[in-house]
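Letters A, B, C and D mark the chains as written, and numbering starts fresh at 1 in each.
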Amino acid sequence: MNKVFTGLGRRLRLGVIGGGPGSFIGEVHRSAARLDDNFEIVAGTLSSVPNRSIEAGCSIGLSHDRAYGTAEEMFAGEAARADGMEVVAIMTPNDSHFGYCRRALERRLDIVCDKPLTTNLADALELVRLVREAGVVFCNTFNYSAFPMVRQARAMVRNGEIGDVRMAHVEYVQGHNAALTAGEHGVSPSNWHFSKERTGPSLILADIGSHAHHLVRFVTGLDVTAVAAQVCATVPGRHSDDYGGILFRLSNGAPGTMWITQAAAGAVHGLRFRVVGSSTSLEWFEEEPNRLHVSHLDAPASVLERGGLGLSRAAERAQRTGIGHPEGYVEAFAVLYADVAEVIVARHLGQPVDPFALDFPNVEDGAKTMKFIEACLESAHSRQWIDCSLA
Amino acid sequence: MNKVFTGLGRRLRLGVIGGGPGSFIGEVHRSAARLDDNFEIVAGTLSSVPNRSIEAGCSIGLSHDRAYGTAEEMFAGEAARADGMEVVAIMTPNDSHFGYCRRALERRLDIVCDKPLTTNLADALELVRLVREAGVVFCNTFNYSAFPMVRQARAMVRNGEIGDVRMAHVEYVQGHNAALTAGEHGVSPSNWHFSKERTGPSLILADIGSHAHHLVRFVTGLDVTAVAAQVCATVPGRHSDDYGGILFRLSNGAPGTMWITQAAAGAVHGLRFRVVGSSTSLEWFEEEPNRLHVSHLDAPASVLERGGLGLSRAAERAQRTGIGHPEGYVEAFAVLYADVAEVIVARHLGQPVDPFALDFPNVEDGAKTMKFIEACLESAHSRQWIDCSLA
Amino acid sequence: MNKVFTGLGRRLRLGVIGGGPGSFIGEVHRSAARLDDNFEIVAGTLSSVPNRSIEAGCSIGLSHDRAYGTAEEMFAGEAARADGMEVVAIMTPNDSHFGYCRRALERRLDIVCDKPLTTNLADALELVRLVREAGVVFCNTFNYSAFPMVRQARAMVRNGEIGDVRMAHVEYVQGHNAALTAGEHGVSPSNWHFSKERTGPSLILADIGSHAHHLVRFVTGLDVTAVAAQVCATVPGRHSDDYGGILFRLSNGAPGTMWITQAAAGAVHGLRFRVVGSSTSLEWFEEEPNRLHVSHLDAPASVLERGGLGLSRAAERAQRTGIGHPEGYVEAFAVLYADVAEVIVARHLGQPVDPFALDFPNVEDGAKTMKFIEACLESAHSRQWIDCSLA
Amino acid sequence: MNKVFTGLGRRLRLGVIGGGPGSFIGEVHRSAARLDDNFEIVAGTLSSVPNRSIEAGCSIGLSHDRAYGTAEEMFAGEAARADGMEVVAIMTPNDSHFGYCRRALERRLDIVCDKPLTTNLADALELVRLVREAGVVFCNTFNYSAFPMVRQARAMVRNGEIGDVRMAHVEYVQGHNAALTAGEHGVSPSNWHFSKERTGPSLILADIGSHAHHLVRFVTGLDVTAVAAQVCATVPGRHSDDYGGILFRLSNGAPGTMWITQAAAGAVHGLRFRVVGSSTSLEWFEEEPNRLHVSHLDAPASVLERGGLGLSRAAERAQRTGIGHPEGYVEAFAVLYADVAEVIVARHLGQPVDPFALDFPNVEDGAKTMKFIEACLESAHSRQWIDCSLA
């Protein structure tokens, strides 16, 4: 990965919103930002409870005056400093993304924002408009697309190495919601995922359907244009969706299937895709992310290894270690941060950007996913095929 | 597996229709029938061309007078002998199954018949009626259900070891039709699969959708009650379906997804299912058929090995070799023949039948699959969910 | 596989010694002989106890007069018939192979004999001499070499597709002797494996070291010329060896390692080899026998599938079903019988033999393994490297 | 992982020696040190060429006055500062470890030093003595032992969950030296690995045999007491060893085998171990590091997943992300840094240390490996078993 220091002679100044005590994704963001040493975390609002926010900020090493109690104070305080934050990373519940992003865009900060972009399509489209106006860098963290071998898959499709895309299948099969939990009926207020106000109308679509949707678009380079979906709760007594079965059509007419759930007893992580081309098919499984399985119409199958032979530049630039030294979840997440840093530094230096650095998911990607979510829900309700093109 | 000799003191007399030169499935049937030494192949009509039929019959070791030119002659000739065939195995193109079965039922022969049962639901229902009337043994060769570890999966569901069935996924992803072939447009008359007259209205549903449908029913012990399907040809210029994406609902309300194709470039065989229960999930992959992956809500995952510890009697009775000595396709196919033999012999001897011997797919299974096929096609056409219960 | 009928117009007449009630390998031999319909089992001596032998013979369908009480009677009785057995298959404890083979060679019968060939090198060398004199077909059933993808590996080495053999590793890690059993101290007289008189001086080397040794020779086309070995019992209280760790050198100077055991708790079957060439490496695992993993110095790895693209004729002629229809243990065992049949029929017809049909392990292979066993034991005792060339 | 900030209120001050431009391991050390935010890299000597060293130091973000030209200057300069480095990380060619460590020990710095510890046993033993005298923390980076599932394996052995260790196998099969390269004959002076002066007497033993040796000791909790080895160059024209086949004996008498090479064409990384206990066996493969395969004498096999159920505290404390979010090479390396930080902080605070934090490899481990290396070479030369106990 590129290093900011080489170009800029300093690290980019990052502020964080969310990710306080008990948050998994907060530590992921911060580790990812640190991994390539392109960012210095200078400011933070880690909790929606002011005194907990300040305490948490200090505990991760922020200086006292930059461990803020509220995002409002952080935006104001940082704007008032010559060395204020340049980039803001938002890792809060879904329903707050829109507000924080809008605030950040008013100050023309570059943004890294968790997925899903918002809790409804209208807000998402408004953010698309605002980002375009502001002209800033916006990354919506569909992090699975940043695994080097997923980048490799995309590159192979883009380069015509698989021929025409003929069909696709993507599944994301998790198990952590296989049983009814206390948290999901309000007993544990901290688990916001089961609250439709915070998560949006469908837990399963917001949490992982969004990833599956982005992944199939990212690899095929095509949009999802129509869906027929079965979305429901499979665990008795549950009020949030935990299952989705989806038929889809891609923008070139190719059909596809999607299976997403968080209620598969004993499942590990289960994110997997298979993209079939006219000459070649690609298969990737997130639990073994350093491999891409490639099968051919007219030759024996091959296995591409991260760090090995036969990789595209898109994959090579996204990796840090040699063949057989596994790279994992944090490294892929960090690729997003590295790409964002590279684009920002190029802007600072007035230099052209490596087009591959722009492969990170952006605000339009986020909005397309919101359209997909709404279409799936409409289809599940009407039992009809629903168009999900975003004109 | 049980041996007929122990009980009956002789082998059962089998006649075969179809399976002549160039047929893959013919050799499979004959090897499967021979494997456990329960059958002697005494008569055959191996081709629809009389002189080729006689020649082919002799070449597999039939005596000259029992290598028949036509099925008509075989039915008559064998009926006239004291030592005539008792069981007939039908391995011909789909559109001929109905006629041969009806003929065999008139003579009250036990029947092993290739899948799909017929080319339309009406014929299938008529066969159900006739088989019930005749009171014979009828096996429709959904052979994948006979792998010991598939039997194990079914036993675990039946015994409540996975809790309630919550969802299912089955895929069957082959590659041999990934490119347009000369044969499919009538240039090569021998490839009857691409002829709708011979195969039925949908190649993909008849060839492998049928297997996937039976497998999910067999393992879950539930029926498929409704479908929403996308069925089409993905290879430009093709007139037969080569793809199906199907959402389904099981009779207990659980949802499921199915992906079937023969047009995935470079695919091997790709038959795989995953059945999720409230406490435990099961996963099986036909390319590694001697393993069943079992994951649990509240314990680490386990791997059951054919021949190993922790198997049900249903699995144990379906196997022949020890742990780690792989059993494959022919062995599973032979389990069907062994079960059929066991049931016939029990009838001969007036003894009770081991209920597990009745696990082979029967004529009702065949008819349910025909209903499924018709419902999928109707759904693909109307873009609606279609009921596929067989009242 | 080739069919005898096409050429000879009849099946070969096979007699069996051993394989009575409770025997695993007996059923394997008989199924393997039946699978391709090249043999008719016409005579048998299934037990060393005469009345059990006769009863067992009848129970497998032999006619009463050819279900013999002793091998002596069988050799005599069959010799007296015009339609007497032509081939004899020996599946008895190791110490009896020599005697039965000698008897069969006196009558110039073709022989299929279980491994290890004998219990000592001297007997083995005597058999080599006698087989050469008699000029018969002799197959020593190192059956793992008959898997199509092992044949493929051998073909690739022979054709120069991997360059020079640089090193090899073979392991055979089983678990069925991981705990001390009643049988091994004479309590259960039926388990002859733990008796040095019957098995030979080393259980582990006789049972599976022999297979590992043959496999590495078969695939590399090289001999094992020297060994340094650690052979011992790892289970306290055991008198028979259950472990071997062996360093070896091949006839081209390449080094190798071997790990064999039957005392690995929970192991499945664990037969695996890896042969490294100067340009390409091959890896095969018996638990997934339909795949050969091929890795390259200068290209991504590939996976060859039985029934798929890119196979040699040696592999193709050894298979019966299409890609993804798994073939297993019995099928591989049956390849040995099919090869033997093909060679015998060619001799009958005075036709040239397909050289690939001669790939079955013969009496010299059996003798080389006996030399290897003795060298390993000597090395384990002296803690020195021991030569095991067979001049 | 624990965080230093919580306890100490600041990061530990780290200086680095080595790891300049072109170094793979330099970036690994620095990423690992940064990952959990326990260290601040404050000083560095990144190259043995002073001006390159200063330039490289600045390029990784060191302040100008602490980007030193020589280690000598760094030791002196940092000692003169109140905020000087507390810990030094050494990532230079093998022959320089001894000198840098001695210098660091004179100043009682805590040390993280690359493996192998030295180039000969005498130096290693001297370091053991000096470290004991100085009473500092010393970590020798056998990083594979820090994967959570390797820690899990060790915990299971230690807790008696596998019974008595009965045998072990470890292999490390790489491919990057499968062909003769320009660098290895001095043409490319930068590749110091092929220089015996810099690497020590055996490239293969120093590079990866050392890892394999530590791993088997780490997991079994036993020492390697004797070896019989075949160590050689398999690539024609090569002067450095690229292959080792090793028989060994553990301190409880259990036997084992080891296969190590860097000359296997097309190999990925290939670090794998299998430890067999009297009741249970463990298998781990570094290319899929988040899984531990557990097989049992009397139950079906199970698969433990990092982040999943059934893990020991030793594994849980070494991980950062949830189940199915793969952790890789850098994360494991960072576990060593986190453990070191935790021990140092406990010393600062006068608090007891979590015993699991002491699981990182120390100077005695380093010395035992040097003894193993010398014993293997002596065995390869004398063709005898050689004792390698370190009294």
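Keep in mind that, in the parts below, contacts are C-beta pairs under 8 Å (C-beta built on N, C-alpha and C of every residue); 3 or more make two chains touch, one makes a residue touch a chain.
The model shown is predicted, which means the values in this text are computed figures rather than measured ones.
J.: Which chains make contact with chain B and with chain C at once?
T.: Touching chain B as well as chain C, we find A, D.
J.: When I count C-beta pairs in contact, which pair ends up with more: A-D or B-D?
T.: Higher contact count goes to A-D.
J.: With chain centres defined as mean CA positions, report which chain is farthest from chain A.
T.: C
J.: Just curious, how far off is chain B from chain A if you go by their C-alpha centres, in Å?
T.: Their C-alpha centroids are separated by 44 Å.
J.: On a C-alpha centroid basis, what's the spacing between chain A and chain D, in Å?
T.: Chain A and chain D have C-alpha centres separated by 34 Å.
J.: Between chain B and chain D, what distance separates the C-alpha centroids? Give it in angstrom.
T.: That gives a centre separation of 55 Å.
J.: When you check chain A against every other chain, which residues touch at least two of them?
T.: 268, 294, 296, 299, 301, 305, 308
J.: Which of the residues in chain A come into contact with chain D in the complex?
T.: 3, 5-6, 10-11, 24, 27-28, 30-31, 34-37, 59-61, 174, 176, 268-271, 286-290, 305, 308, 320-331
J.: Under the stated contact criterion, what part of chain A meets chain C in this complex?
T.: That would be residues 294, 296, 298-305, 308-310 of chain A.
J.: For chain C, which residues are in contact with chain D within the complex?
T.: Residues of chain C touching chain D: 162-163, 166-167, 169, 171, 173, 175, 178-179, 228-230, 232, 234-235, 243, 245-247, 249, 254-259, 261, 263-268, 274, 276-281, 294-297, 299, 301, 383-385.
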